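Dropping a structure here in structure tokens format, bear with me for questions.
Labels run A, B, C and D following the written order; every chain starts at residue 1.
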Amino acid sequence: MDRRKFLKATGVAGIAGLAGCSGGPTESGSTATEESAESTSESTEAETTQESTASADSEVNVGMVYALGGLGDKSFNDAAKRGIERAESELNVSYNEGQPSAAEEFPTFQRRFAQSQNPDYDLVCCIGFAQKSALQETSKNFPDQKFMLVDEQIERDNVASYVFKEEQGSFLVGHLAGLLTNQQFEAGAGSTSGDSKKVGFVGGFEVPLIQKFQAGFTAGVEHADENIEVTSAFAGSFSDSAQGKEIATSMYEDGADIVYHAAGGTGLGVFQAAQEQGKFAIGVDSDQSQTDPNYADVILASMVKRVETAVYTSVENVAEDSYNGGELTTLGLEQDGVACVYGQELGSEIPEDVKSSVAESRQAIIDGDISVPTEPQ
Amino acid sequence: MSAGTDARRTVESLLRRLVALSGVERLLISLAALVLAILVGAGIILTSGRVATCTQAAAVYFGLGFCYDPLEVYFVLFNGAFGQPFNPGIMAGNLVNPTWSPFTGPLTFTGPLLTTALFTAGWNPLNFSVALTLKETTLLIFTGLSVAVAFRAGLFNIGTQGQLVVGGLVTALVVGSLVPVLPGGLAGALLLVPVGVLSGAVAGGLYAAIPGALKAYADANEVITTIMLNFIAAQLAFVAVSEFFRNPESQVVETAPLPGYATLSSVVFPQGSDFSLFALAFALVLVGVIWFFLERTSYGYDLRTSGIQPEAAEYGGVDAKRTVVTSMMFSGALGGIGGAVWVLMVMGKWQTGVPALGFDGITVSILAGNNPLGTIPAALLFGTLKSGSLAVQFETGVPKQLVGVLRGLIILFVAMPEFFRAIGTNVVDLDADDSKAVATDGGVTGGDDE
Amino acid sequence: MTTAVHLDEITKRFPGVVANDDVDLTVERGTVHALLGENGAGKTTLMNVLYGLYRPTEGRVVIEGEERQFSSPRDAIDAGVGMIHQHFMLVDPMTVTENIVLGNEPRKWFGLAVDREGARRDVRELSDRYGFDVDPEATIEDVSVGVQQRVEILKALYRGADILILDEPTAVLTPQEVDDLFRVFEELTDQGKTIIFITHKLGEALHAADDVTVLRDGKNVGSVTTADTSREELAELMVGREVFLQTEKAPSDPGDVVLSTDGLTAEDNRGIEAVSNVSFDVREGEVFGIAGVDGNGQAELIEAITGLRKPTTGTVTYLGEDITDAPRADRIDAGMAYVPEDRHERGLVMEFDLVQNGILGSQHRAPFAERGNIDWNTARNHAEDIIREYDVRPPNADADAVSLSGGNQQKFIVGREFERNPDLVVATHPTRGVDIGSTEFIHDRLLELRDEGKAVLLVSSKLDEVQGLSDRLAVMHDGEFMDVVDPQDVTEEEIGLLMAGEHPDDAASAAEADAIADGRGEGTSGSRAASDVPSDGGER
Amino acid sequence: MSTQNTLTGLLERDWSYRETLVGGAVGIFVTIAVLGLLLPESLWADLFGIITERSTLSSALRLSVPIVFAALGGIFAEKVGVINIGLEGLLIVSAFVAILVPAILGPTETTLFIPNLWVGFAAGILASVLFSGLFAVVCIRYKADQIIAGLAVWLIALGLAPFAATVYYGGVNTENLGTSLPTWTIPVLSEIPLFGAFFSATPAVYAMLLAVPASWFVLNRTSFGNHVRASGENPRALDTVGVNVSRVRYASVLLSGFLTGIGGAALSLGLGQFIGNNQTMVNGKGFIAIVAYLFGNYNPIGAFGASFLFAGLEAVQIRLQQVPGYAIPDSLIQTIPYVTVIVVLALVGRTRIPEAAGEHYESGDD
């Protein structure tokens, strides 16, 4: 994988605002993709009138199958959507998307795109590890269809797999949290007391992928100071922000200064708790101080996982006829596939010495001087 | 007297006689509920079509542009569920020749009526969408039967979902543990699939025995216990799999995949369509068996009697408590079979996030009037809706949750037969010459004459 | 004397039925007026018209000289009319006071809250004024039926009723409670209230009313003053023909013991002992009757015998076998037929047609079932046989049980049970709600069964029925057998006293003195409260 | 000796339903306290610490809000004779509308001088009332089977809210409003250890603490309450004293929708967002509410106690998870409330449901 291409891709963070209520169709006929919700015009007459903008004049057609959390999670799925939106605006790509609401719908959605003749999809992006087993079957049944899969690997010529070293990025935000909780720090709407030695982690489900976040984070905190306690809890859901709020509140009230979440939509509750309690939080997957600016005043940083880059790159590969089917692309700190991105609002207030320590450990990980565990100790 | 009134009268008397038959009345009410739900659904589509944003109106009604066109949505819903048997072109305003009028020529399919082919050329009924529809239908027949059997026994089994989860899990575990010790291939399939279904049935039945026994011996309301047991089943199955039976290869909390021969494979339908004609055939046979059981056997009589009137059942020598437990187990076993089929036919393993087939079973059973035979059309309807909803989302942009709304509306309208009776009586005066025997005191039939 | 109520040519039609046909009724203020008639004569309908529950199809309602149009009971209440229904309209878990003030609660705190103290005070005052002994704080479900009835009356009085309508007020009372009720009537009329009560018991009408109006088939067939009439006249007015109900009955020839209980004790649904140490035998070829006011343990006793209730102690022996713990199904198998007390709850599955109901209890047995499969053709023939032999109308085996009238439902149950070829027939209230012709028929069939050598256990609250049919008669009170008597050798007064829990010997003088003081001694015997009209006619 | 007598006396007594529940809860608490104090390094000590923590209490209060309001709503519906199994649906509808309306109006702006957050609150309640009105018409006017109609209300809401969210927002979850219910802190009182949690809470918690006794008062001390109870036990008794049964039933079912609507609006506005995934953010709270009022024997105070118990278990569960060393999978801990429900139901059996609940009533003839 060409590293430069990735850097180029990550440079842009075009976020399309979601639809507002404008009351019925805008008769202008302009391409409304930037403005509109996905459930609107571009797909309205796709199959029936065969003149959808999506297919007629684009070089590349892409089908997106999102993970179960659904769009609007401000992290994982929204990141994937940013990737395809960018591809759309830069690469003469058009796309169609599906939001499955149950695991058993994955094959249906994958297949719909794979077998569609009109338009004929050049690439089907499958977001999320949960799609693996469904895609194994689908990719077997449609050997001529190109697929890409995020967060899991399938060894088949028509599947390009992208996985991330979440533990590496999590290590950095853990290191950051460990350093900040040990000092008196005040910024935005939050503050750390300096005397507490506690930080928290909120996970969605207790599954290996999320445990990678947890393990990296814990290791990072310990790297800063072995005496800091990391309390962890799982919400049992990627979309229960009320539960996330309760968990985070209990952590803050219990003395934690900073809580890191790897819980999709559940994490929104973590930010809210941070705001109410006047403490800090760390986002995940996207730069959440940007995707959810309401909470920018408590988001210290985000463990960005460049799903959008994976999506964009895979589309670009197809557009440039360099599809890397059968390959596994592993994206760690080195490839800038994961990163610790400081918050838009608070980033500038974080002490430089902290930032440089974090930068050092980043380099140490890249150099192999620090090895980050992938399972909780 | 004109011929028109005569004809009207004939129709009226026909209707009246039809409505007098309770079974037919049920059917009519179900159909009326369906039609009304579709109409209300159209209203919802139009309204949301005003709110949504799009560049080009899908339809213009009353001079207003709408992003969604209900006619199109319903057409796509149906057409999508069966893999486009009809030519989508007919929706583009070409179906009826606008220049045709009753005075210009006869109404024929080859004549001026159609400008576009009605059917899609080369449509193959054995397509993926049909398989998807039938897959849902098959699963819903099992859960619908499960709920219906309990309903007939006077029990509101909301716990089919939990029984399905448990049944499916046990099926996956039993088959998974037998795979290494049994031969592969057809011989293995002939052994493993029945054993899997059986173990699912047993597990579902035993899990349902809990609320049954609680109802019979502790007088605990089964509606509440089954709701609670649904939550418990989901959580326990999750823990069991994630802690003990986890497929180490996977990020998802799921059991190890079963080998292809140990599952119900697609027969004539495309590979990977997760539908097996064997399962559908099994479901249909089961419908017949249960219908026979309920209507033609002594135990079926016991079950129905204790369902309608437990005191009368006891009077008739039925052990009420035992019947509660056994009918609950029976119902749970059917739910467990649903889980087994889900595992063996759809997933090939057990995985968290089991779809809400059990809840859908409640709606199927209600629409079917708790009649086993009725579950077939009801399951087909909901299967069509579910499968078509994906097409709707893809092709028209209308969110597939619309189908959830339609489902609720259908159930709501089925629940209020009085509404349709009231309408029916306005249209056709049913009581006109239908002098019902009414006891003189207060018009209460069947009351004491004292 | 002024007219309190005048119903002028009232006609009330229901779809297909004329319940009241051109009925006139005049009631003077301060009198007790009995509305007499057979079941289904239209008495209750007429009173529901007066109470505003029904609107008359034709005719006028005049209260205190003023024509009224009632569109709801509220209007009737406003006009001073109160009604005490046969089934009490009380809310069981609420207190006496809450029930009495329901819908007219005194308020406090600017109408925000109920003035509970004031309500209690009002109720106590009202209760004292008419000499009712009612605890305002008691919960309805904890007080006796007699007290509940008084609460109903208080409810009407609380709303300012001057005209009280009582629908079959004595049906659920013991003879003593009936006497109390009639004393209340006097108290009320003394204070200027007007009372109309519905009854089908001629003796009651004669005894307690000043005037009697007789309804038959929805028509007024005569209004008379009790002073100027006789039992014979009333009976003929009511029935429209002379009735000879008393069945000619051969002396019994008892054989072996079929059923016996020993020290049987059972609890009711609330866990309170309802049957205490009851021992008796029923033999082949005899009718063993159990008399008693409803609710004295008869139901629980029968359920313990038929297998619907587990006795706490004691044994039940049937055909020489201990069946105390045998399931109900075994008892059915062993030839125990049972006409249950409550046909809507137990005797019939209301949503089933008669074909299905015809095999209730036999669903596992030949000839209806073979190896678990039901032969519906045989079942249909069976149902049609019952319908024919027991004159069930309409004669349609496909009709749902719920669509039949009460009498026809009962006939179908009786037919089903009697046709079982049983060794023992347990019949509880077999003629309740059944017309006179069918009552005769059922009585004949019972005696036929007896003469065939079957054992019959009969429970009825109709004293004439148990007394007339039984060969031996037990009287039950408060869960115990007061005595087992020869029904031929005992007067209705004696049975009445036993039913009230008093041994005639023990309390002879006091009770008899009471009875005489009450005027019970007047006229001939056999006119007791619990007796039924047709038999009265028949005895004459 | 006397202790023994007391003990045997306690054992032999016929314990009433309420005593069993209250006694059981107190007993468990005392056991934990005793064990916790005796064994300072054990699970019991941790549990005791969690239970007596102020944050656990405030968390339990917050989590109670939707359950308690829905339970109060359920009581008014069932007491009047209309079993409302659609509470879950009412919660969903009100939760969604309470977010949608301020999102349209502008979350931080005002309408007629009222902050749009509160306009949303009112809109959520209104939506729930409208839905319960529909339910009432279907059940009372058209005599629908109440269980099935309630189920339908749930299913419609379960489909409609995510449907509308997808139309408006493009996904089943709404955007975050960026604002949520404020915390009102009462000076001085909020300083009290542990119980200070009662005086530093969202307005919804205060509303709940008011609504519970108010509901009890309405039900037991007003004539409307008398009519509600009578309508559920013996509607004919109410009819014959001239009270319009249908009117009482409509009023009480609408009140049920009103109360449930408060719970739903408080749920979503407490977060500033509606989550429409799977079972939505309501996620069975409506059903737990049904269990709560059955537990509470239709007494608003009892229902509050039961709801508080469930919410408390949840709050404890969240905290117990974070105590290191207990390798109990959290999914297992999450089953505790449900298992408790079943165990208690098995031990005490059914509560007395209103006599006429679930039955239709038709006044007079015609």
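Assume a residue touches a chain if its C-beta (ideal position, glycine included) is under 8 Å from a C-beta of that chain, and two chains touch if they have at least 3 such contacts.
Quantities reported herein were computed from a predicted structural model and do not represent experimental measurements.
Participant: Higher C-beta contact count, A-B or A-D?
Facilitator: A-B
Participant: When the C-alpha atoms of chain A and chain D are each averaged to a single point, how far apart are the two points in Å?
Facilitator: 36
Participant: Just curious, how far off is chain C from chain B if you go by their C-alpha centres, in Å?
Facilitator: Roughly 48 Å, centre to centre.
Participant: What is the distance, in whole Å, between the centres of chain C and chain D, each centre taken as the mean of its C-alpha atoms?
Facilitator: That gives a centre separation of 46 Å.
Participant: Give the residues of chain B touching no fewer than two other chains, as numbers and ranges.
Facilitator: Correct list: 51-52, 242, 399, 442-443.
Participant: Can you tell me which residues of chain D touch two or more of the remaining chains?
Facilitator: If we look for residues of chain D contacting two or more partner chains, we find 166-168, 172, 329, 331, 334, 365.
Participant: Two or more other chains touching the same residue: where does that happen in chain C?
Facilitator: Only 14 qualify.
Participant: Write out all the pairs of touching chains, ordered by chain label.
Facilitator: A-B, A-D, B-C, B-D, C-D
Participant: Which chain B residues qualify as touching chain C in the complex?
Facilitator: Listed in rising order, the residues of chain B that touch chain C are 296-299, 301-302, 305, 308-309, 311-319, 431, 435-443, 445-450.
Participant: Which bits of chain B are touching chain D when the two form their complex?
Facilitator: Those in contact with chain D are residues 44, 48, 51-52, 156, 210, 214, 218-221, 223-225, 227-229, 231-232, 235-236, 238-239, 242-243, 362-363, 366, 399, 401-409, 411-412, 414-419, 422, 442-443.
Participant: Going by the contact rule set out above, which residues of chain B touch chain A in the complex?
Facilitator: Going by the criterion above, the answer is residues 49-58, 64-68, 72, 76, 88-89, 91-92, 128, 132, 242, 250-254, 257, 270-272, 274, 346-349, 351-353, 355, 390, 393-400.
Participant: Show me the residue ranges of chain A that touch chain B in the complex, using the header's touch definition.
Facilitator: My answer: residues 19-32, 35-49, 68, 96, 98, 101-105, 107-109, 111-112, 115, 129-130, 132-133, 137-138, 140-141, 151-152, 205-209.
Participant: Using the touch definition up top, name the residues of chain D that touch chain A in the complex.
Facilitator: Contact set of chain D toward chain A: 53-56, 59, 62-63, 104, 166-176, 178, 180, 183, 267, 270-273, 275-278, 281, 283, 314-315, 318-319, 321-322, 324, 329-331, 334.
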